[in-house]
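Should a chain be cited, it is by its letter among A, B, C and D, assigned in written order, with residues numbered from 1 in that chain.
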Amino acid sequence: MTGTTHSPQELAERTLEFVREHVYPVEREIIVDGRPMDDALRLELQKKAKAAGVFGPLSPVEHGGLGLDTRAQAFVLEAAGTSLIGPLALNCWAPDDGNIHLLAHAATPEQKRRYLAPLASGEVRSSIAMTEPAPGAGSDPSMLRTVAEETDSGWVINGEKHFTTGADGAAFTIVVAATADGPTMFLVDQDNPGLRVGRRMPTLDHSVPGGHCAVTFADCHVGDDAVLGAVGKGMEYASVRLAPSRLTFCMNWLGLAVRAQELAARHINGRQAFGARIADHGMAQAHIADNEIDITAARALIHGTAAIIDAEGAASSAARHSASVTKTFVSEAVWRVLDRAVQLHGGLGVCEDHLVARFLVEARAFRIYEGPSEVLRWSIARRVLRAHQ
Amino acid sequence: MTGTTHSPQELAERTLEFVREHVYPVEREIIVDGRPMDDALRLELQKKAKAAGVFGPLSPVEHGGLGLDTRAQAFVLEAAGTSLIGPLALNCWAPDDGNIHLLAHAATPEQKRRYLAPLASGEVRSSIAMTEPAPGAGSDPSMLRTVAEETDSGWVINGEKHFTTGADGAAFTIVVAATADGPTMFLVDQDNPGLRVGRRMPTLDHSVPGGHCAVTFADCHVGDDAVLGAVGKGMEYASVRLAPSRLTFCMNWLGLAVRAQELAARHINGRQAFGARIADHGMAQAHIADNEIDITAARALIHGTAAIIDAEGAASSAARHSASVTKTFVSEAVWRVLDRAVQLHGGLGVCEDHLVARFLVEARAFRIYEGPSEVLRWSIARRVLRAHQ
Amino acid sequence: MTGTTHSPQELAERTLEFVREHVYPVEREIIVDGRPMDDALRLELQKKAKAAGVFGPLSPVEHGGLGLDTRAQAFVLEAAGTSLIGPLALNCWAPDDGNIHLLAHAATPEQKRRYLAPLASGEVRSSIAMTEPAPGAGSDPSMLRTVAEETDSGWVINGEKHFTTGADGAAFTIVVAATADGPTMFLVDQDNPGLRVGRRMPTLDHSVPGGHCAVTFADCHVGDDAVLGAVGKGMEYASVRLAPSRLTFCMNWLGLAVRAQELAARHINGRQAFGARIADHGMAQAHIADNEIDITAARALIHGTAAIIDAEGAASSAARHSASVTKTFVSEAVWRVLDRAVQLHGGLGVCEDHLVARFLVEARAFRIYEGPSEVLRWSIARRVLRAHQ
Amino acid sequence: MTGTTHSPQELAERTLEFVREHVYPVEREIIVDGRPMDDALRLELQKKAKAAGVFGPLSPVEHGGLGLDTRAQAFVLEAAGTSLIGPLALNCWAPDDGNIHLLAHAATPEQKRRYLAPLASGEVRSSIAMTEPAPGAGSDPSMLRTVAEETDSGWVINGEKHFTTGADGAAFTIVVAATADGPTMFLVDQDNPGLRVGRRMPTLDHSVPGGHCAVTFADCHVGDDAVLGAVGKGMEYASVRLAPSRLTFCMNWLGLAVRAQELAARHINGRQAFGARIADHGMAQAHIADNEIDITAARALIHGTAAIIDAEGAASSAARHSASVTKTFVSEAVWRVLDRAVQLHGGLGVCEDHLVARFLVEARAFRIYEGPSEVLRWSIARRVLRAHQ
C-alpha cells in the first residue's frame, strides 16, 4: 500500500511526533510572535521532515517522496495538518500538492525532470493561475478570458489572473489559457519577462507562502515545450487535479480541527467558572461532542473518498462526486469545529495569543477555495437528480 | 467475510431487488390503504426473503442466517431499510436484532436452543424490557427499580416496565432486574402468568410489530435457567447489546433516508412550478445536495464503526464510542433528510398518500430510542475530555 | 385600538384563563382519548368562548366579534393558540380566519349578510379552494386550471381542487377560477349540486374541522351574485387574504410553541436522571434557552408585522414582505421549539399520552401551507435584490 | 420621546446620510489602505457628526447629546453601525456607551461634572476594567480577585485586569474591585501612577480605539471621591450597565449586518456565473433571504427590548432577561449574516479589498464579549425554568 515499510498509521504517528516536536514551536512563533513565514523557514522545516522520514507524502518515491496511496495519505496529512504549517514542512500544501499530482499525471518526461523533480523534493515552490477577475473565470471555468495564441516559435499568452496561489517566490506557474483547440495548460517560468507577479491580495488566510497574487501575462512568450501534456486538455487536467486537490485540502484542515478540539478540551479541563470546571458544564460538553461528531464524520468521508480514488482513479465520475460531497461537508464541519473551539476559549478565543483565533480566520477561505459550497452543492444535486430521472 | 459466496455488495443488490419487488407494494398497502402489519404478514414476507436468499443478515449460519460480519451487514441492512418493513422481512429489526446478538453472545447452549434458534429463524418474535416509568430507569440505568429476588426454586421478579418493544405477541421477553448481585437479565416466556402485557403505548412510530408496551411483572416466578448468561452481568450484557443495536438501527434508517431522497428526486424531476421543473430551482437543489451529503456522511460513519466492531469487538471502548458518535449523527441526519424530502414534496409531503409523510413521523423516535442525542453527547464529551486531561 | 374596553393584554389574559379552564381538558380528551373533533364540539366551545367574552378576535363588532386591530389580535391569538383547538373555540382558525378577513374586505353588502355574518358569528364554517392537483396551481398561482365560463344566467365552474381546507361540513366554499377577465373568486354554497366534496386527504394535521379535501367542480352553475367582489380580481383578493392569513397562522402556532415550552419546562423540573434534575443538565437548559429565544423572536416579528398591517394595510407591499419574512421564520421556529420539547420529554415525547408528540406532527404542515418556506424565501430575496439594483 | 424635534426615523435617515458621506470613505481607507484609527481621526469624525446634528445618541441633552430614549436609539445606532467606525463618530461605541449610561445613573454630581461631561461630549475616551486573567473573574463575576483596601486617605487598589476595553489613550478607567463591603466601582484617572496599561491584546477585533489591554493596578491610591456612586454596589451597577450595553452593541452590529447584506446584494446583482446573474441562482437567493430574515428578527428583538427598557427600566428583571435573549440571538444572527455575505462574494469575500472580510473577523468577538452565548443561555434557561416550577 505504501512505498515504505511502515503502515499508514505508523507514519501518521511518526508525523504527529515530528510536528509536535519541530513544527508546533515554530507555529507559535509565527502566530503569536509574528515571525515571518518565508522560504528559508520552509526549507529548514522540510529538511527536518526529511530527517524524520515523513517528507513528501504526496510525492512519488522516485522523486524522494513516500509514494503513498490516497488512503495512506489521509492518515499522514491529517497528522501534518494539526499545525497550520505542518503541511508545508511535509510538502503537501496548496498549490504544490495539486501541482505535483497534476505533473505526475500529465507532464512529459522532460517536464517531469524539469518541473516535477524539484517541486516534489521541495527544492522549489510552484503556483497555479486559474481564477480571473470579473468578467473572467471565477467559479465558472467557461468564462476563461486569458488567451494563448500559437506563433511560429511557440505561444504568446495574454490575460489577467488573480488568486494565483503561491505566485510570489515560486519557480514556475501553471496557467490555463484559451487556445483555438480549447483551454490549455502552460508551464511558465517565473522569470519569464511576460509574467508579472502583482500585489499579494490581502486575503484572510496567511499560511500559503507566496500568497494569493494578482498575475499579469503580457505578451508572455513560451515555447511549444511549455504546453503541459497536450493542447486542448486544460479542462481535463483541471479535473484530474481537482478531486485530489480538494481531498488533500480536507485532510490538512481536518488535522487543524483535531488540534483545535485538543486545545479546547485542555483549556476547559483547566478552567473554573460558576462553581465547576468549564468541562463539567453541559453546554461546553455539547460543543466538545459536536466537535467530535463533526471530526469523526469528516474523517470517515475523507477515507471513503480516498478509497474510491485508489480504486477508480482520481478523474472517475465516482471520485469527483465523492470529493465534492466530502469537500463541502469537511470545509463546513472544520469551520464549525474551529468556531466552537473559539467559543470554548471565551474571550481568549478571539485573542491571537491562542492559536484557535488564528486558525478560525485562516480557515474561512476553505469553504470557498477549490469550489465554493454553493457551486459544489449545485453539481452534487444535478448528479443526483440525473440519476433519478 | 461472509457465510455466503456473495460479496456484501452483491447481497445488498439482491436485497434491494427483493424489497422492491416484494416489500414496497405491501408497504404502500400498509401506509396508504391501512392494511394492518401483523405476524401473518411478517411470516409471509420472511418466507419470500428466505426464498430470495436474503433472510437473516444478523443471524448465525447455524440458525439459518447469513452469518455476515458487521461491515457486510451495513450493505444489506441499508438496502432492507429502504422500506419501513424491509428489516422485518429480513429479520433484522428492533428488538429482535439486538436480542439475537445478545443471545448469541451470552446465552447458555440450552438457552440458545430454546430462544435463539426460533428467534434467528423468524419463527417467533421477542421483546426487551429495560425502560421503566418514572422514577425508574429511563436513560439512566442506575435508577433500575424492577427487582428479582432469589427463592429456593429460582427467582421472583416484580416491577413495572414501559416502552417494552415488541411485547405484544412476542414469544419471550428479556427483562433486566436488580438482584443482590447486581442487575441481571432474565428470559421470561410471554405466557408466564406473572408477566402481563399492558396497553400498547400510543407512540408515533407504528412499524414495530408488537408495539411498545407497558409490561408488569407481578410475582413473576422463573427458574434458575431463566438467568440469561450469568447473574449480575446485566449491565455488561446491555453494553454488549448496545453498540450493535445502535448500529443496525442506523443501517436500517439510513436505508429509509436513501429511499426518501429517491422519492423526492423523482418527484421534483416530474413537477413544474414558476416556469421550470422544481428540480431546476436552486433551493430545491440545495435540499437534494444536503440530503446527499448527510446520507454519504452517515454511511461513512456506519461503515467506519462496523469496521471497528469487527476488529475490536462490539463491547470494546472504541466500538462503543464510535457507535455513540454514529448513532447521534445518523439519527439526526436521517431526520434532516426525511424532513427535506417532505418539504420537496410540498403539500403532498404532509399527506400520507406519499410515503415520506409517514417516514418522517416514524423516524422521530430514532433520535430518542437507544439513547437520546443529549445523553450520547454527554458520554461522547466525557470520553474526549478525559483523553485530554 | 380595540372594540372592547379591555387592553389587548387583558383580553389575552382572559383568553388564557378561558382556554385553560374550558379548552385544555377537551384537547386532552381529543388527543389522548380519541374524542372526535366535530362541529357539535366546536359550537359548544364557541358558546363558552362567547360567555367568556373572548369570542371572535378577528370578527368585526357588527358581526359579534371583538373588532380588534392586528396588534391586539396578536396577543389574543397567541393565548388561544396555546391549545390546538383554542383557535376553533374563538373562531380564529384556518380557513375561516382568512375568509372572514377577505369577505370583510371584498364582499358586497348582500354577500356580507349572507356569508360573512354567519361565518363571523361561528354559526357556520367555510372552505377555501385554491390549490389544484398537478399540473394545476400548487404554489404557483399562474398554473390555475379551474375555469369559470360566463353564461346567460351566471357562470359555470369546472375543475379539480385539493387541499380544500375545511370543505367537509362547510356551508360554502370560496373558489378561485380562471375567467376571460382573469382569475376570479366565487362563493359557492356547499349544497350546490355541481360541487362535490371528495375524500379527506390523509394529512398529518388533524386539527382543522372539515379536513383538507379533494373537491370537484363539475358544471357547477352559480349566479352572477356568486362573484366575490368583482370579476378578475381573484389574484388581488388572494393577496389581500394572504398576509393576514399567514400572520394569524403565526399567532396561533406561536401559542402552541409557548405551551410546548411550558410542558417541557415542567416535565424536566420534575424528573431526575444521572444524579440531578433534568432541568439542571446543561444540554436540557440549552434547549429551554433556544426555545425561549425562538419564541421571543417569533413574537417580536409577529408584533412588528401586525403594526405594519395596521399602519399601511394588509395588501401593502411592506405588509406582504414582512408577513413573508415572519411566516418563514415563525413556522421554522415553532417547528424547532416543538421538536426540542419532544426531545426534552425523552421517550414520552414520542408518545401521544403527552401532547407534545401530537403538537409536533400537527405542526409539520405549517412550513408548507400558505406558502412553503422555499417559495417565500424566493420572493423575499427577489424583493431585497431589486431594492439594491 | 426625543430631545430633538425629529422623529427617530428622521434622525436615523440623517445619520445614514452622514455615515455614507463622511464615514464610509474613511472606513475604506482604514480597512483597505491601512490608515490607522486614532483619536485625531475620531475627533475629526465627531466634529462632523456634531455639525450634522447626529452626535451623541446615548448622551443626555445637558451634555451635548440627543437625549433619546432607547427606542429612538435603536433607529439611530443601527444607521451608525452600518460602518464599523460610525458608532465612534457618533460617540455610541463600547465601552463609552455603557460608561455614559452608568455614570448618568450612578455618578455623584461632581463625578458627572468631571467624568461624564467630557465623555458624553466626546472630549475624552474612557475604559472599563472588569475581566481578570484566570483564576480571576471572567464570565463569572464572583471570582473577582482585584482588591481595594480602605486607608485613612481613601483606597488602595491591587490586581490584574485584561480585556480592559479602550484603556490605551483613555482619560479614565472604571474598575471593579472587591472591598470589605462587597464589589465596588472606582473611577481611576489614567495618569494615576498606580495604574499601568500593559500591552494591547492581539484580539481579532481592531475597531475599538484604545484596544483591549492588560492593565495592572499596583498600590493604586485613589481618594474616597473615586468611589463611583456608593461602596458595595459594584454588582448592582454592573447590572445597570449590562442590559443597555448589550443592547447598544446589538444595535450597532445590526447596522453592520444591514450593510453587509447591501454589499452582498449589489455584488451578486452585478456578477455573472454559469449563464446567469449570481442573483438569479436559487442558492444565492436563499442566502439573501436568510439574511433578510435574520436582520428583521434581530431588529424586532432589539426594538422589543428597547420598549421594555423604556417602560420598566434598564435594571428591571424583564429588561435584563429580554436583553439576554436579544444579545444571544442578535450576536449569532449578525455572525450568520456576515458569513453569508462573505460566501456571496466568493473568493473576494475573504479578501480585505472587500469590507465583508474585515466585518466578519471584527464581529467574531460579539458572541463572547458582554456575555458569551453559553452563559446567556444558561441564565435564560434558569429564569424560564424557575417560572415553571
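Throughout what follows, contacts are C-beta pairs under 8 Å (C-beta built on N, C-alpha and C of every residue); 3 or more make two chains touch, one makes a residue touch a chain.
Chains and their UniProt names: A, B, C, D = Acyl-CoA dehydrogenase.
Since this is a predicted model, take the numbers as computed values, not measurements.
Participant: Taking contacts as defined above, which has more of them, A-C or B-C?
Facilitator: Result: the pair with more contacts is B-C.
Participant: Which chain is most remote from subunit C in terms of Cα centres?
Facilitator: Greatest centre separation from subunit C goes to chain A.
Participant: Take the average of all CA coordinates in subunit A, do the same for subunit C, and state the distance between these two points in whole angstrom.
Facilitator: That pair's centroid distance is 52 Å.
Participant: Report, in whole Å, the distance between the mean C-alpha point of subunit C and the mean C-alpha point of subunit D.
Facilitator: 41
Participant: So, what's the distance in Å between the C-alpha centres of subunit C and subunit B?
Facilitator: Taking the average C-alpha coordinate of subunit B and of subunit C, the gap between them is 38 Å.
Participant: Could you say which residues in subunit D touch two or more other chains, in rising order?
Facilitator: Touching at least two other chains: 281-286, 377-378.
Participant: Write out the stretch or stretches of subunit B touching subunit D in their complex.
Facilitator: The touching residues are 281-286.
Participant: Can you tell me which positions in subunit B touch subunit C when the two form their complex?
Facilitator: Of all residues in subunit B, those touching subunit C are 32, 131, 134-135, 138-140, 142-143, 163, 201-205, 212, 271-274, 281, 283-284, 342-343, 346-347, 349-353, 357, 360-361, 364-365, 367-369, 372-375, 377-378.
Participant: Which part of subunit D faces subunit C closely enough to touch in the complex?
Facilitator: Touch residues, subunit D against subunit C: 261-262, 265-266, 268-269, 279, 282, 284-286, 288-293, 296-297, 299-301, 303-304, 322, 325-326, 328-329, 376-378, 380-382, 384-385, 387-389.
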